[in-house]
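Same chain, two partners: chain A is paired with chain B first, then with chain C.
So, the complex of A and B:
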């Protein structure tokens, strides 16, 4: 990479700060809409990290798929299910929080210890293919990773059909629980949900 | 060790470890099902940062890590679509997205 080392370090620090603070915001903020938009910021910063690592194609794919598709999908889902509801308080929430936080901190310290103490066999940076990575990814995808590539296309097709099947409204002529004919209008009427808690 | 010509590999690894742990914390502690899905996306991104850092520092001639990242992004997109569809049909049946009320499989 041709950027000076100081610039790289500044970019890396800013990007990782945005990633970590944004991720904390995604997890901790009260409003789910803010979380969704912060998640978009985190995805963009991760794409910036990929650019620092000389991977322009993956950075572009990250922006297109995560920011352009996944994040928009999440915002749509929030729009569809965003109903103000008072959550029932849980009795042992405090002990749960303490246990989960300690598990996460333990895992984090373990991972950081492995990161810092292990001796990585780093390769020679002169061998780096740098900007030709897009060409190399294309060669990989059409030679030794051809089968996973084709399976991925089947997986995407299955996901698409599965999402349609799961998310559409029932198009049966009779309601299962009541036996009454279902009206097939486009606008959803308020109806009694099938599985609400009776207790 | 790497000469000080570039950012050390460990910096990327620490960022991805922290992001992964934040994702796990959110997964365990969220009440809202949409936020659980967002936490899963955070964890997948942490894994992707790890793969990209290793492919750039350890395997910078063949860059198989970048190909793996492409596949992870593909699977994450499929997972998000199916997960949100499941969430929608669950919401239609239970009229809530509270994780504590999805207890049909609890004995």
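So, the complex of A and C:
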């Protein structure tokens, strides 16, 4: 066994271990902050797996999008609303758990089926593109995958508009969830400086 | 353009002369450039800290460090040693694991980014195909470390500093990446080597700064904001937040932040010089000088000469930019957080988008000037 292959196997096993343990930690840990940071670690290790597969562009994109944007925003949101309060007990917890477990098991069986039916071995391993993958991804994004790519951006736009609507309720006269007129006094800042009425 | 020293090849051939296999020679070779770059980064930090002290003293009509070595050149080493022997304190109510991991997460991506900094045709650790994109991806990890240390310190100033750092870093990453994209569009490649080679045609006249003046300014402003230098040092604004996310740190953990911010500054300066100022290129192309002196370009003497000129030019350009950054720090006031976000989202982002579009248009219209 050559040194390159040994290094590859060691890297692969370390990365897979980190992914498995990290993912379990994300789900099982009590502290939501630890879960969020562990999620970042899992994303990084997945990027490492891409790197092992010679897909360096995909790995860098994974780090940029998932670690640099998604995970930072998750942590940001957690820290802005991190109140130390006990969660209210949910009444029908049992049925909810059953539903979520069954959905997860269905997804798992689907993944296992894909894993078993797909032919993973390349017909011609010498044909791998390696560093040229950046160009090929670009070509695909602007030709046969153009429509899905653009539709994904519309989805992001919708999410963004939704977030703006939720965050800026003061621009609307009615509360969107209750239908009651919004009390705008608390939201709008007073136009005169606070210190003027003190003396 | 495939000339220049290939130290790796010569080193491997040299070791094979002792009867070692090429794989073992490769393994012996691997740590050498990494160590060299690490040492270069740390020495660069020492020089920058000294420059910062001296230039700030000059800006405030003081003398600055004077007694530690000639002109105080040993002062940064004294600072470093002091931090090394200081007690390592973790506050009682802080989160020990995250408190320790935070500074590491801040420093490691910065050092990893030195992978793609070229000092010459073959003088870099790895000419990876994704090149400059790797730096953009790695620099996006840093805010996680800052948020982590801000949260783990269990101090409201730390948390505010960490949140500010993350917000700032996310907002300025986008115009930064867009201005890099305009350069990449002209080069047809993400590799830093190709970016420099594309600018090496006619010496100083072919540098990207003449073709990308807007991109250069946007990139420099964003780089300063990513390094948290004044006028953008809101995450550690002394008058408002004590020291931001560093408030609770002492000893070596604080030194990691300190090292990280200065290495990041040097790295940003190096990348500006690579992207816009012709990298290792001499203002007059070395080929012309060699032709003028009637010397063959592949002669060993000329090769060593061009390699040293390349290193000197890269470092010189980078330190010129570091000088400008230090001067900016000691002469400009700090912006407010709303001004900072307004500048990023409402000014730099549209401008860099327009710059990218105009570059694409010019590339189609004048392919010989803007890379076909």
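One rule holds for everything that comes next: the second predicted complex is superposed on the first by the 127 of 199 C-alpha atoms of A that agree within 3 Å, B and C clash if a C-alpha of one lies under 4 Å from a C-alpha of the other, contacts with A are read in each partner's own complex, and residues count from 1 in each chain.
The working rule: contacts are C-beta pairs under 8 Å (C-beta built on N, C-alpha and C of every residue); 3 or more make two chains touch, one makes a residue touch a chain.
Fair warning: this is a prediction, and the values are worked out from it, not measured in the lab.
A.B. asks: Give one of first, second, both or neither to describe whether A:162 is in contact with chain B, with chain C, with both, or with none.
C.D. replies: first
A.B. asks: Just to be sure I read the superposition right, which of the two partners does A:131 touch: chain B = first, chain C = second, or both, or neither?
C.D. replies: second
A.B. asks: Is A:57 touching the first partner chain B, the second partner chain C, both, or neither of them?
C.D. replies: In the superposed model, A:57 contacts both chain B and chain C.
A.B. asks: With both complexes overlaid on chain A, does A:98 touch chain B (first), chain C (second), both or neither?
C.D. replies: Neither chain B nor chain C is touched by A:98.
A.B. asks: Quick check for you: in the superposed arrangement, does A:10 touch first (chain B), second (chain C), both or neither?
C.D. replies: neither
A.B. asks: Which chain, chain B or chain C, is in touch with more residues of chain A?
C.D. replies: Ranking chain B and chain C by residues of chain A touched puts B first.
A.B. asks: Between chain B and chain C, whom does A:32 touch in the aligned arrangement: first, second, both, or neither?
C.D. replies: first
A.B. asks: In the superposed arrangement, which partner chain does A:80 touch: chain B (first), chain C (second), both, or neither?
C.D. replies: Touch status of A:80: both partners.
A.B. asks: Between chain B (first) and chain C (second), which does A:40 come into contact with in this model arrangement: first, second, both, or neither?
C.D. replies: The second partner, chain C, only.
A.B. asks: May I ask you to decide whether A:68 touches chain B, chain C, both, or neither, giving the answer as first, second, both or neither?
C.D. replies: second
A.B. asks: I'd like to check the shared interface: which positions of chain A are touched by both chain B and chain C across the two complexes?
C.D. replies: 57, 61, 69, 73, 76, 80
A.B. asks: Quick check: in the complex, which residue numbers of chain A touch chain C?
C.D. replies: 2-4, 33, 37, 40, 44, 56-57, 60-61, 63-64, 67-69, 71-73, 75-76, 79-80, 130-132, 134
A.B. asks: Taking the touch rule as given, give the residues of chain C at its contact with chain A in the complex, in rising order.
C.D. replies: Within the complex, chain C contacts chain A at residues 23, 27, 98, 128-130, 133-134, 136-138, 140-141, 143-144, 147-148, 150-151, 159, 162-163, 166-167, 170, 173, 190.
A.B. asks: In the complex, go through chain B and note every residue touching chain A.
C.D. replies: Chain B residues touching chain A: 1-2, 4-7, 9-15, 17-26, 28-32, 34-35, 37-39, 41-42, 45, 48-49, 52-53, 55-64, 66-67, 69-71, 73-82, 84-89, 91-98, 100-101, 104.
A.B. asks: List the residues on chain A that touch chain B in their complex, please.
C.D. replies: 1, 5, 8-9, 12, 16, 19-20, 23-24, 26-27, 32, 35-36, 39, 42-43, 46, 49-50, 52-55, 57-58, 61-62, 65-66, 69-70, 73-74, 76-78, 80-81, 83, 85, 87-88, 90, 96-97, 100-101, 103-105, 107-108, 111-112, 115-116, 120-123, 125, 127-129, 133, 136-137, 140-141, 145, 148, 152, 155-156, 158-160, 162-164, 166-167, 169, 193-197
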